[in-house]
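As written, the chain order gives the labels A, B, C and D, with residue 1 at the start of each chain.
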Amino acid sequence: MTFETSVQVRFAHVDPAGIVFYPRYLEMLNGAVEDWFALELGMDFKTLHLERRIGVPTVKLDVQFLAPSELGDQLTISVEPRKIGRSSCGLDVVFSGSGRERLRAEVVLVCMDLKDRRAIAWPRELGEKIERQVAAPRAPTALCTTVSPG
Amino acid sequence: MTFETSVQVRFAHVDPAGIVFYPRYLEMLNGAVEDWFALELGMDFKTLHLERRIGVPTVKLDVQFLAPSELGDQLTISVEPRKIGRSSCGLDVVFSGSGRERLRAEVVLVCMDLKDRRAIAWPRELGEKIERQVAAPRAPTALCTTVSPG
Amino acid sequence: MTFETSVQVRFAHVDPAGIVFYPRYLEMLNGAVEDWFALELGMDFKTLHLERRIGVPTVKLDVQFLAPSELGDQLTISVEPRKIGRSSCGLDVVFSGSGRERLRAEVVLVCMDLKDRRAIAWPRELGEKIERQVAAPRAPTALCTTVSPG
Amino acid sequence: MTFETSVQVRFAHVDPAGIVFYPRYLEMLNGAVEDWFALELGMDFKTLHLERRIGVPTVKLDVQFLAPSELGDQLTISVEPRKIGRSSCGLDVVFSGSGRERLRAEVVLVCMDLKDRRAIAWPRELGEKIERQVAAPRAPTALCTTVSPG
């Protein structure tokens, strides 16, 4: 099951070459994962970090930058969980805009106890929700249907 | 041949969980590549971008986050070119501190004409310098020799 | 006339002390000014910078940080032009959330030709729109009416 | 007494208009204050925040941006305490490069207990050191002597 959120390329994101500076893409990516937790898993980062004292640091990140993005571009970010382990979770993330993929990323998060910084098993309610999403058939992505012929 | 630079973990780099927020690692990584160009290849980013009108965007990035870094940590960043193509360059980058690897990344840059945003062949003087570095035997890295037994 | 936009405090904005790191507030402030240009003045930053080759750098910034903001806070940012000169513009900006002001800023922007980096007069259509906003009576702000007695 | 540190303008600092994006200046400013605490007051931010559980948030910031800075510029940042209160401290900060002032800021910090986020009196050893610096005659700044005639 694919979650989608969107972001606009801001002045703050763009480098002297006129395109998004790639660490800013990764801030956007982190924001999309934050949205996925809050809106899809029902667990916002505030509750997760401050009340539950659980963090979800990224331990692996493979990114392909497929096309540059410019000031003002409207980007859609899709987040799709593809794998869940006892304390880890693999996500496929795609940034696209105007029918063109900009970035593809594979991200691995780990569920971590913030007190002693050790990996822990996913809390049951989170783990079950992620599992259901991994199992759900992938929707034909919006991208496939909105690519304009021109 | 391995180039080394260093960076201190600043307040600005650290997230609410007390560890470096990973997009900040990638700003540091970009800074290390900037240093490598200026100090090892003799071509600073100002000259490259503003005079030569050449950019070197990152097109691929595979990162493993091996251990967290905290406020005040002194990190060494090593940059080692491992492959050069007509217009691309592959780098191995390692962040370490206190004898412990924090991050390993494989980065692919592309040489790009900033005017029309197309990949171009490396300017000869840059390409030759990178080639010589790829060919040079790897120094036994400082890391191997400074890892403390404790 | 007051323009309002909103922003959510993200993980990326928060420092190790658990509150918004102030340079991130200023990224949000810049984003609010960007929104004001696009939505209120009808001139998005892409058109302004890339087509018209005009920048609007900040030349003066007086900020009071009145109350800290935390992960997950929903903030409203109001932007009110209070003065316009030949090539400058003074803005009052207020961040608030849950009926409490977080930040008050006075910002002075200058209209700049990007080619030679000199201050220039506002393009007529922009200048006239800003003037009308400066002259318009201030709306009683939402804040005044939503402050809770407790 | 004036403390000086330096910073180079990086690719990450520069906006699409080719000059330092002002929130990045404020990250540099925060870094200079961090250096002042560590090197001049003998209290690094790690010890202060993590061991002593004391924060020093900025509560007031008045900045004038006097001249733009570009990729590659070497900037000197001077930090001069001008006033100390029970729990506050006023600093004058100046960024300069090539004999030209780029930015002048007046900054007010507050000493804060991180547990309950209340202002507290400066720990004695910090307060005394800041007081001695406020009282010390200002050195003729390096700037005065390095301004080139051209």
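General remarks:
The definition used in the following text is that contacts are C-beta pairs under 8 Å (C-beta built on N, C-alpha and C of every residue); 3 or more make two chains touch, one makes a residue touch a chain.
It should be emphasised that the depicted structure is a prediction, and the values quoted were computed from it without experimental measurement.
Common neighbours of chain A and chain D, listed by label, are B, C.
Following the contact convention of this document, B, D is the list of chains adjacent to both chain A and chain C.
Note: the chain lying farthest from chain D is A, by mean C-alpha position.
Although chain C and chain D share one sequence, what matters here is the overlap of their interface residues, and that overlap exceeds half of the numbers used. Chain pair with the larger contact count among B-D and A-B is A-B, by C-beta pairs in contact.
Here the CA centre of chain B is 36 Å from the CA centre of chain C.
Mean C-alpha position of chain A lies 24 Å from that of chain B. The distance from the centre of chain B to the centre of chain D, with each centre set as the mean of the Cα atoms, comes to 28 Å. For chain B, the set of residues touching two or more other chains reads 11-12, 16, 18, 21, 23, 27, 30, 49-50, 71. The touching residues of chain A, counted against chain D in their complex, run 11-12, 14-16, 18, 21, 23, 71. If you check the complex, the residues on chain A that touch chain C are 10-12, 18, 27, 30-31, 34, 44-46, 49-50, 70-72. Chain C makes touch with chain D in their complex at residues 16-19, 21-24, 26-27, 30, 49-50, 55, 57-65, 68, 112, 114, 117.
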